Amino acid sequence: MDWNAFNLSLQLAAWTLALLLPIGVVTGRWLAKTQTRARPWLQAFFALPLVLPPTVVGYYLLIFTGTRSPLGELIMSWFGVSLVFSFPGLVVASILVNLPFAILPVQRAFEVVSSELYDAAACCGMTPWQTFTRVEMPLAWPGVLSAAVLTLGHTLGEFGVVLMVGGNIPGETRTLSIAIFDRVQAFDPLAAGQMAGFLLLISLVTVALGYGVLERRERRRRRST
Amino acid sequence: MRNWRTCIAVLFFWSTVPFYAVPAFANGPLIAAAASIRPALEELSARYNQVTGQSVRLVFGSSGTLANQIANGAPYALFLSANTAYVQWLVDLGFTQGVPVTYASGVLALYSRPGLLVQTENPLLALGYALEGGTIKRLVIANPEYAPYGSAARAALEHAGTWAQAKQVLLVGANAGQAVQYALEGDVDVAFVPMPLARLAELQKTGHLQALPSEAFPNVELDQQMVLLRGADQKTREFFAYLQSIDSREIFSRHGLGAPQVN
Amino acid sequence: MLSIRIENNTPALKVDFGLPMGTLSAIVGPSGSGKTSVLRAVAGLLAPSHSLISFDNDVWADTETRYFRPAYQRPLGFVTQSFGLFPHLTATENVSAALNHLPRRERGVEAQRFLELVGIGGLADRQPSELSGGQSQRVAMARALARKPRLLLLDEPFSALDHSTRKRLRVELKRLQDALAMTVLFVTHDLDEAAELSQNMVLLRRGQVVQQGPTRELLRRPSTVEAARLMNFANLAKAEWVGSDASGITLRWGDVLLNAEIGPKSPPEGQIYWTIRTSDVFLVKDDHPNESSLGTILSADITEIIEMGSSVLVSVIVARSGGESLRLRLRPGALHRHNVSKGSRIRIALHAQSLVLLQS
């Protein structure tokens, strides 16, 4: 069992969640409320990672942010960090690939908050921030939780884009899913199977917990109607 | 109602846990090596650790993929390819330091299921007969586009005039290692594999394994070359030197690789 | 005064009127007339391209100076058509949501007070999903009032409720307005509701004001044909100007001469119309003692009698009017007393005070 790889997987999931969740909430909420005619295009754009193979995303990231690209050189000179074959690069890639998981459930959740409630809140004297914390979030948080659980589960298992963008660097980009692949290539099916089973268990428990919370809330809501 | 705040709090707590978890990994130089020499290199690096107390980190893949990664900025310090072409490519692009060194000579082996091929001195001929006779359902090689053993395999088939027929039953592995894997677990009749890996997977127990002479694949060389890369430091140079020592020669040859041909 | 001046493209609006403080006013019009948009503009939920809205000399919106005070900073309460109760909060919590200016501890007590004020003190812990239409409306009302607003805005507040609840709540609204001395502005498509409740009325159609003023005035004297149509005046006929003197205006209707007490001194431009409320047309018995005091007496033939519960609608064709018809509204008793039926010839009286001249 490669604990180092597991630690990397956890860190990747944690960083992705921490950075992507606010992005997802802001974007999802905006998409739910905006009237712009470009909305279907924007929705399609954010849903792209669902349709594209992760290796394609990884490929383009490599091309556009690799050390040979102008963007990559810029980032290297500004921050001294490379976005390919490094952990920060994995985080960036992971954020991109998980965008649809973070945005879509949130968008659906905020769509349920009718415009009448916004009007009522404003006429109760609530500032926009108060409206957000006391009316919108209490009604939309299941969507946010859904987004978090999906992102988490998806990142733990992410393989294609991690391999493309990160390579297989132990201690840096060899996440658990990559380590499993590595063990298979080394003709070590036992270790591979062990780690795969572990990953399966962790993912299952995480997602089940998340849905358990949602289920409880749904049941409570249904009982009161 | 209040739930969402606890929800967010739990999520943030969870997400900070890994930051004070498991401490960092040993940070030796990164060595990128062809998948075909995995068993040899793993033993070598263990030996190196024993002898000098230093450790290195190993990353395996097909030579072409690794060369591409290097060109895209992968932080490897040393590259061990399964041929010379990729090394030369990197030299031309300016990603290397110093002169490339041939550390071994690759051996391409033909694996076949028992009784499938006639036992001859020219296994490729027997393969040709079998292909024509339609008894071969699946033939595995590594990807000829970027795995040296794969391009050697294709060259061998082309030279024997059986490439067209082989293509119809062809199964391609992403690298030499994967080709061996298919041979091991898939329902495969014939496979072109690197000898070291084939020995490691003990393919000789499940079928017939025969080394092919380098004349079988003209115009393709399997001179395993290695070269220091731009990020190489003193530790890397020391390992690089070790790979050229008698110790290493012995380990390489024990794993089925030939001695480096000096031209 | 609540001064409202709005010009906008979508939705199309062009209004300019003012309402006195402390009164209950209604904006009336058919659906699509823009009344909800006007209300939302006053509330600060809509920012028209051009507007000037001020309440008691406090400017809330002025596109000239690019000033727009957001809704949550205006001292108003708003009850929307479907009440907009926060589904995740109880009745008390809904009302407390408007009490941010109070310390947390006092909010619950104050909320309870307002719930009792609107008559549902016992429903404090219910969720909106557990409340009936009328109860929800009251919670929404309590929430709107909790801020002690100076202006209360209501958007079709009773349209989602059943008839008896509606009647009850109308009375309570009147009571509340009296007790709390607020300015109330409500929007409705129901003319009867507006007639019953409001002191001032604004008639709106296709985003423009048709007529505005004290309700009683409007109901008795529409100024234009459009206003008369909006207020469901059944009688509408063309006439020609004959002359005017000290006693009033004389009109020619077909071959008949009519008198109207109130009207312009000189002939107005365009076609003249006149109208009279159906309840102001009287049936005259043949042996009436003081006929001349009733106004112009005309003969007519009954073409239709429709009994509608507490009143009877009678359509007649007036002789020598050129085949034009009029409608009268009678009490059922009056109909039977006169013992008439379809086809009978009767006499009707049109009093000069009741006749209203309209411009087109």
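By written order: A, B and C. Residues from 1 in each chain.
Methods note: a contact is a pair of C-beta atoms (placed from the backbone, for glycine too) under 8 Å apart; a residue touches a chain by one contact, two chains touch by 3 or more.
Note that the coordinates shown come from a computational prediction; the quantities given were computed from them, not determined experimentally.
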Arrangement of touching chains [line / ring / star / complete / other]: line
Farthest-lying chain, centroid of Cα atoms versus that of chain C: B
Nearest-to-centre chain - CA centroid comparison: A
Chain A-chain B separation of Cα centroids, rounded to whole Å: 34
Between chain B and chain C, centroid-to-centroid distance (C-alpha), Å: 88
Centre-to-centre distance between chain C and chain A (centres being mean Cα positions), rounded to whole Å: 55
Chain B residues counted as touching two or more neighbouring chains: 1
Chain A residues counted as touching two or more neighbouring chains: 138
Touching two or more other chains - residue numbers and ranges from chain C: 88
Contact footprint of chain B on chain A as seen in their complex: 3-4, 7, 10-11, 13-15, 17-18, 21, 62, 66-68, 72, 82, 84-86, 137-138, 141, 144-145, 148, 167-171, 182, 184-187, 213, 217
Interfacial residue positions of chain B with respect to chain A in the complex: 1, 3-4, 7-8, 11-12, 14-19, 21-22, 24-27, 30, 35, 38, 42, 57-61, 69, 71-75, 175, 177-178, 180-181, 184, 200-201
Sites on chain A touched by chain C in the complex: 114, 116-117, 119-128, 130, 134-135, 138-139, 224-225
Parts of chain C lying in touch with chain A, wherever the complex brings them together: 40, 43-45, 70-73, 76-78, 80, 82, 84-88, 97-98, 100-101, 127, 129-130, 140, 143-144, 147, 153
